[in-house]
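Structure in C-alpha cells, see below.
Note that the chains take the letters A, B, C and D in the order they are written out, and that residue 1 is the start of every chain.
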Amino acid sequence: MCGIFGVANHSEASNLTYLGLYALQHRGQESAGIVSSDGEDLYKIRKRKQVSDSFDEKSFAFLKGDFSIGHVRYSTTGGNSYTNVQPFQASGKFGKLAIAHNGNLTNYFSLKSKLEDKGVIFQSTSDTEIILHLVAQSEGKSIFDKIEDAVKKIDGAFSLMFLTKDSVIAVRDPQGFRPLIMGKVNNSYVFSSESCAFDLIGAEYIREVEPGEIVEVSRDGKINTKTYHKPTPANCVFEHVYFGRPDSVIFSETAYEVRKNLGRELAKENKIDADFVIPVPDSGNFAALGYSEESKIPFEFGFIRNHYVGRTFIEPKQSIRGFGVKVKLNPVKETLKGKRVIVIDDSIVRGTTSKKIIKMIRDAGAKEITLLISSPPFIKPCFYGIDTPSEAELIAANHSMKEICNYIEADHLAYLSMDGMFRAIKKDSKSFCTACFTGKYPTPVDGHTML
Amino acid sequence: MCGIFGVANHSEASNLTYLGLYALQHRGQESAGIVSSDGEDLYKIRKRKQVSDSFDEKSFAFLKGDFSIGHVRYSTTGGNSYTNVQPFQASGKFGKLAIAHNGNLTNYFSLKSKLEDKGVIFQSTSDTEIILHLVAQSEGKSIFDKIEDAVKKIDGAFSLMFLTKDSVIAVRDPQGFRPLIMGKVNNSYVFSSESCAFDLIGAEYIREVEPGEIVEVSRDGKINTKTYHKPTPANCVFEHVYFGRPDSVIFSETAYEVRKNLGRELAKENKIDADFVIPVPDSGNFAALGYSEESKIPFEFGFIRNHYVGRTFIEPKQSIRGFGVKVKLNPVKETLKGKRVIVIDDSIVRGTTSKKIIKMIRDAGAKEITLLISSPPFIKPCFYGIDTPSEAELIAANHSMKEICNYIEADHLAYLSMDGMFRAIKKDSKSFCTACFTGKYPTPVDGHTML
Amino acid sequence: MCGIFGVANHSEASNLTYLGLYALQHRGQESAGIVSSDGEDLYKIRKRKQVSDSFDEKSFAFLKGDFSIGHVRYSTTGGNSYTNVQPFQASGKFGKLAIAHNGNLTNYFSLKSKLEDKGVIFQSTSDTEIILHLVAQSEGKSIFDKIEDAVKKIDGAFSLMFLTKDSVIAVRDPQGFRPLIMGKVNNSYVFSSESCAFDLIGAEYIREVEPGEIVEVSRDGKINTKTYHKPTPANCVFEHVYFGRPDSVIFSETAYEVRKNLGRELAKENKIDADFVIPVPDSGNFAALGYSEESKIPFEFGFIRNHYVGRTFIEPKQSIRGFGVKVKLNPVKETLKGKRVIVIDDSIVRGTTSKKIIKMIRDAGAKEITLLISSPPFIKPCFYGIDTPSEAELIAANHSMKEICNYIEADHLAYLSMDGMFRAIKKDSKSFCTACFTGKYPTPVDGHTML
Amino acid sequence: MCGIFGVANHSEASNLTYLGLYALQHRGQESAGIVSSDGEDLYKIRKRKQVSDSFDEKSFAFLKGDFSIGHVRYSTTGGNSYTNVQPFQASGKFGKLAIAHNGNLTNYFSLKSKLEDKGVIFQSTSDTEIILHLVAQSEGKSIFDKIEDAVKKIDGAFSLMFLTKDSVIAVRDPQGFRPLIMGKVNNSYVFSSESCAFDLIGAEYIREVEPGEIVEVSRDGKINTKTYHKPTPANCVFEHVYFGRPDSVIFSETAYEVRKNLGRELAKENKIDADFVIPVPDSGNFAALGYSEESKIPFEFGFIRNHYVGRTFIEPKQSIRGFGVKVKLNPVKETLKGKRVIVIDDSIVRGTTSKKIIKMIRDAGAKEITLLISSPPFIKPCFYGIDTPSEAELIAANHSMKEICNYIEADHLAYLSMDGMFRAIKKDSKSFCTACFTGKYPTPVDGHTML
C-alpha cells in the first residue's frame, strides 16, 4: 500500500507535502519521497526511511517552489530497491515530469513487453515507470492530453499525482479502487489519499477526485478537469475495514464510524454470553467498541501496547513462550483471569497472529475465548495494491470455519457476513471491490501478475 | 524517573536484562545501560539512546556472564551528559561494583560537601555517585555490610540494584517510594521496577523488596536478606495514577484496575450530563473507561494517535493552528461535532497541554466540554525522582479552580478528591507519599535540593 | 574524471571489482558502484561514498556471481545526484544490461533531442544514459551488435564496461582519450582504467583495449573482439602529467618515469641558481625529483602533509592567515628560512592555489621563489572527462606569463614547453590530445556542451 | 602515545584547541576531547573518533569560554573504553578540574593500592585518574599547591595540562620524557605537545615547559611558574626518530633535520654500492634523503602510497600475496626491476612489516636489497607512553643481526649505532632516555607495570 499527496500554488509546498506524508505514514513505512517545482526546475529527495527521518530543514531549502508531490511506500510490486522509491522523475520532449502512484497495474507485463519491442528500456522494476513511458510515447499535444492517453491504456488500481514545472495533475482509475481527495488551504489546492493529512495542515475537504477523472491545477490557479473514462466504481472495501486511518474520511465516510458499525453488526449477528469484549489493539479497537455498545457487554483493554518497539529485537537463545507477540502486546492478567472473553479483530490472513493472540489470552487465565472478525473470510489475493500472500497461504481459502477455529485454538470463531458488512458501510455493495472476499476482480488481470 | 532490572545466576543474564529494560522503557527514554559479570570481571555498555537502539547481537557477546543489572533513565538530577548515564561502575579495595538507581536523594548536597572535605572527587553530577563513595568509605567487612552502612546514611527515594563479581544486591529505601519487586525465572532470581518486565521474560512474581530491606543473591544461589531500617511506608501515589505501565502490578495492585477505579470515583463525585466520555490518549484511557462504566455515559475514542511521531518535526513558517499537538493527536470530527463531551486526563501540570487539548476538541465542533482529572490538584514539586517543574510553574499551586478552568478554556473542570483517590486505591492513605498534592514530604529535604 | 573496472569468470568477481575500484579511488571520490551477474540476474550496489565506506561483507554476499563491473566517479556532466551514480542498469528486449563509463560525450545534446522526439524518456542527467537508449533502439541481433551500433553514434571520450547476464564487454572510443587495459588473474580476464588495480589483485597486464575496439568475454571463456572504427589516437596527455597514479602504466608508459622526465626536461629548459628544489606535494613530487637529478640542485621536502584531513573544517571567526592550505600542508620553516627555492607543480588552473603555496613559502622565510610547471600553460577547458573550469577562469587563457607571476607573487615563473613535454613522454605528439594546451579538439563538440 | 594542547585567555579558546589537536592527530587517533571554561563552569566533549569527526559548529557553541585544554589519544594503559577518553574532569572541594595527560606513570599500581585503602574509588582504568585523586587528597591551599603536591608523588612520564575555572596549568615530569612547549598567539598563551600545532594557528614559539616545572596562566593574564623538582633530563629519543611530526620542533630541534642527519650518519657508517636508495613511506622519507645526500646514491620513491585507505578492508577468500601491505603501498615495478636497492626505515619492532616490505620489493624485481635502520636495535619495551609489545615480541631483543636479516629476507641489514644517533641529534646522550635501546630506565618502574 502507498500514500500520495500534492500541493499547487503554495509558498511552502514541500513542507506541506512533508506534513501530508507524515499523516499518511500508516499507508507505507518503507520509503518517502518529495519532488517540488519552482517553475524553473524539479527538485527531488527520496529516502528508504520513515518520513520523520527523511527530511530536515536543509531538505526544504533544497525542495524549492510552490508545487510539490510526495509519496510514502509499502512495496507491492518490484521489491524494495532504491530505484523503486517514488516519486519517479523523467524528462522527455514534454520537459520534466514526476509521478507518485498508489495502486497496482494489472496489465503491466503485457504493456512492458510491447514497449520493449519498441526499444524502450526500463530502469526500475516498478509498474509505475510504465506510465512515464506511455506519456512519452503519446502524440498528445499538451501534457494533460499525453497523460490522458497514457492512463487510458492501463488497467488496475491507480491513484496518481503528477508534477510538471507548472502544474499538479491528479488522476484516479475508473474503478476508484484507492481513495484520492481534493482540498483547499487558503487559496491553494491540495490532494491526498486521506483526509487526516488535511486535518494536520488545516486544509478544508472539498471532494473526491472522481473515478475516471483527471484534475489539473496550474500555476495560473486555473483548474482543468475531465472525465477520461466513464466511472465504474469498485472502491476497496478494505480501506474501510482496515487500511485507512480511523479519523480519515474514506469514500465519503469516516472510517471510525464505519468500524464501530461493523462491530454493531457483528453483535447483531453473534449474540454471545461473555464477561467482556476486548479489541486486538489497534486493529480491533473501534469494532470492539461498537460491539460493546450494541451488546451491552462491557468493553475492556485486554492488552497493553508497548509504544517503544524497535525495528529488530534480540531474543534469548533459550526461547520464551509467545515472545514475538509479547514484545508488542502484554495481556492484563488481573482483568482476564477466569473470564469469558470476546476478542475482536478486523481480519485473519494466515492465522498465525490470531493463534498467538488467543494463546496469550488463554495463558493469562481466560476461561472461554470467542474470536469475532469484523469482515468476511479473506479468501483471495489482492492485485490492486494491498500486499497479500498467495492464495495458498490464506487460511480461509483452504480451511473450514471449524478448522480455522481449531488451528487458532479459540473456543468459538465467527466472521461478519457480507450483508452485515454492507449494512455497516450503509452503501450499495455494487460500488465496492470485494475481490478478497469473493474472487470477483473488477478488471482483467495479466496471467503473469497472478503468479 | 528511571527503571531498574537485575538478574542472578542465569546463563543469558544480559539478554534478560535487555528484555527487562525494554519492558520498562516507559520509565525513561534518555539512556540505557547494562553491566554484567562472569565472576572474572564486569562488562558495561551504556548509550544515550532507547533500549532497542542501544544493544545488538555483539553487545550480548561482550556482556558476558550470568549476573547482570540494567537501567533506563529519564534525568531528574544531574542533567543528561554521558557521565551521568547509569549503571555507574567503580573499583575500590572491595573490587568492582556497579550500581543502578531509581529515585532521588534528598541529602545529596550535605553528604557531598562532607565527602569533598575528606578529599573525595566527583566525576559525575548525579546523586547516585555518592552511594559508591559511601560504600568505599565504609569499614564494613563484606560488600553487603558496606552497602548497608552506605544506605543508612542517605535520605530520599532509592530503589537500587548493585552488581559485584559474584552477586546482585537489591535495596529499597525505608519509605519504599519507588517500586522494586522480586521474581523467579526457572531457578534464577530477577528484580524489576515493575511486573510488566517479568511478563515479557516469562518470570513469576514473588514479592516486593520491602521498604528498608537489602536482598543479596550470590553465585552459590543463596539469598541473604536484612531489614536495615524499620519500614515507614510512603509509596508514591503517582506510580498508580500515571507512571507505572497499566499492565504492571505496582505496590501489589494492578495499575489498570486502580485507574479504572479512579474513573469510577470521579463519576461518583461528578455526575454530569454529556453525550460521551473520551480519554486524553493514553494517560486518560482507563479512568475514562471506569467513568463510563459507572456513569453509563458511552465511552468513545475522541482522538486518534499518530504512531509514527519522530523526534523532531519541521513546521512551516506560516504556522498552522494547534500544530504541535495535532502531530501526535487528531480529533475525530464526525464524532465530536455538536456534542457535549467529558474529557478525562490523569493530571494537570502547567496547564498548557490541557489548553491545547480543549481547543482541538472545540475546533472539532464539540458544544460543551468538561475536563475531569483523576487525581487531586498538583501543587508541589516532587523531590523523590519524578521530574516536575518548580512550584511557580504548577498551575494549581497558584490559581483557583475557576482560574484554571478559564485558562484552559473548558466549560467545566473538576479534580478527584484525596478521599476519592484513596477509595479507588483501596489502601490507607498513610502508607503513601502525597507530597505533590499536599506538600507533606516524608523525609527531610536539603535546602539546596529544594532550589 | 572516473575509473572503471571489470571481471569475467572469477568466483569472487565482485570482491575483485571492489579491490580494483579501491586502487582507482584517486580517479573519483564522489561515488562508487558495483554490479555483478550470476547468469540468473544482475545485482547492484551504489553509494555516494568512497569505496572503503561503500561495501562490507554483506555487500559481497549480495553481489553474487562470477561477472562484475564497477565505477568510481568524480562528476563531470550531470551533477552529483544519486540518479547519476554509476554503473547504470536497465532492462529491455535484450534482457538486463549494466554500463560503467569513463569519459564525456560531445554530441550528447543533439542525440538526446533526437531520442526525445521518438518518445524516449531520460531518468538521469548523465550522458551515459544515452548509450543504453541507443543500445535498446538498435536493430542488431546480438547484444554485441547492438553495442557496436550504439557506440558508432556517439562522439567524444568513452572507455566503457558493459555487463550482461553472461558477459563483460569493454569498449574504447576511436581516439582512446581515456586509458583502458586488459589483464589476467589466473584464468580470468580483468579490465581496468589503470594498472595499479592489477597490481593490487595480483593480475598480469596483457595489453590496452585498443582505440576503436570492442572486446567481449563470455561465460564460456571465449573472447570476441572487433575494431568497430579505425583508430585515430588522441590519448589525453594530462593522464601522464597529473591524473594517473604514478605507479600505473598509462598508454604503455609508467607515469612515475614520465613525470621524472618532465622534471628533467624542465631542468634542461630552465637553468636556475637555487639552494634546493621542492615539490608541491604530491602533484610535483616526481617532476621535482627529475629536476633535481638533472640539475644537481638538492631535492627537499619543503612541506609536510597532514594525513588526517577530514571533509569539513571549522575555522575560527578571527581568521588565521593562509589557514585553508595550512590545514593540509605545513612548510618546514627551518629548511626554507633564507633560502632560494625552486617549487615544482604539474599545472596552474585558476592560480589561487599557487598563490597560497608561494605565500606560505615566503612566510616561512624563503628569500627567492621560482615556480616551475611541468606542463605547458592550461588555456582551454576539457570536454573529454576532466572537470575543468570555464575558459574565463583559466588564468593562462587570459593573462601573460608576467601577469600570472605577479598574481601568484613568485619571483620567477616558467612552464615546460610543448616540445619539452613530448620529449619527456618520448612519443609523437600527434597521437595525443593536447586540447587543454592548444584548443585543438580532436572531435566535434556540441555547441551546448561548450557552454 | 597522546597529544595535548591548552589555551588561556583567548575568545575562541575551544576552536584553537580543536585546531591544535588537528595538527597533533598523528600522536593519537583513537579519541579526541576538549574541555573549556568560561569562569562559570567547565564544558566537555569527548569522542572515540578522529578530531575532524568529533567536533562541529555546535560543539564550539557548547564549549564556551576563553580557557580550554584538549587531548588526542592512542591507548597505552587502560584500554580503549569510553571511560578512559581524556580530558578527565572531576569536582572536589577545590571546585572543578580537568586534566589531559601525555605519558605513562610507573608507580600507578602502588599508588592506587594505597588510595583504595583510604576509601578512594576508581571510575576508569587509566593511570591519569590517580593524579586527580592525589590533587583532591592534598592539603595544599591553592590548586597550584595541590597540583604540586600531587605531581611530586608520581613517577614516570607526564606532560600535563590542567584546566580550572580560571586558569590553565601545564606540568612536565623532571625527566621531560615527552615534549611540552609554550607559545603565544596575540596576547594569549598556548601550550602544545609539538610546534606544528602552533604553525597551524599562527602562534609564536616561546620555549619548552621545562622538566620539573609547573606553569600557570590565570584569567588576569599573570604567569606563575615554579620548578617543583630539579630537572634530570631524559628526553625520549624516539620522539626524534619516529614519533614527532617532521615539521615540528622537538626538544628544540626540527625533527626533519634530525632525521636527515640520522640518514647522513647511516651513510657514513654504511657505505654500500647500490643503484638507488628508497624510503619506507613515510617513516623513512627524511633519513633516506639524508642518506642520498651524503652517499650521492640517487633517491627514488620506490613505493606509492594509497591515500584512500579506510578502516577495514575486505580481502577475497582466495587470498592475494602480500595483500595487507599492498593496500597501502604499491612498489613502482619499472623503477625497481633489476636494481640494487637500499631501503631505509626508522626501526624494526616485530619484524613482520619489514619482511612484507622486502618481499614486495623483491617481487617487483629488485636484484639486491639492503635494509638500513636509522636507529639502534629496539630491545626493550617503553613504559613511558609509547605503545610497544612485550620484550618477547621485539625481534631484536631475541635474535642476532644475522637471524633478523634471514627472517626479513633482506640481502643485507644494518642499524645506526648509538653514537651515530647522537652525532645526528647533536646533543649529549645523557640528556635522553634510551631505555628502548639499552634497557636503562630513568625512573623506578612498578613490578606490576612491567607485566
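Just so we're on the same page, a residue touches a chain if its C-beta (ideal position, glycine included) is under 8 Å from a C-beta of that chain, and two chains touch if they have at least 3 such contacts.
Quick caveat, the model's predicted, so the values are computed rather than measured.
Chemist: How many steps does it take, at the fewest, to get from chain B to chain C if each step moves to a chain that touches the one before?
Modeler: 2
Chemist: Taking each chain's centre as the mean of its C-alpha atoms, give the chain farthest from chain D.
Modeler: So the farthest one, by centre of C-alpha atoms, is A.
Chemist: Give, as an integer number of Å, the spacing between the C-alpha centres of chain B and chain A.
Modeler: Between these chains, centre-to-centre, one finds 37 Å.
Chemist: Could you put a whole-Å number on the gap between the CA centroids of chain A and chain C?
Modeler: Computed from C-alpha means, the inter-chain centre distance equals 49 Å.
Chemist: Quick one: report the Å distance separating chain A from chain D, using the average Cα coordinate of each chain.
Modeler: Here the centre of chain D sits 61 Å away from the centre of chain A.
Chemist: Considering chain D alone, which of its residues make contact with at least two other chains?
Modeler: Residues: none.
Chemist: Judged by the touch rule stated earlier, which pairs of chains are there in contact?
Modeler: The list of touching pairs comes to A-B, A-C, B-D, C-D.
Chemist: Quick check on the complex: what are the chain D residues that touch chain C?
Modeler: Going by the criterion above, the answer is residues 11-12, 15-16, 18-19, 22-23, 25-26, 29, 50-53, 55-57, 60, 196, 199-202, 245-247, 249, 254, 256-257, 285-286, 289, 293, 298-301, 303-304, 306-318, 320-321, 323, 326-327, 330-335.
Chemist: Show which residues of chain B lie in contact with chain D when the two form their complex.
Modeler: Residue positions touching the partner: 44, 81-82, 88-93, 116-117, 119-123, 132-133, 135-138.
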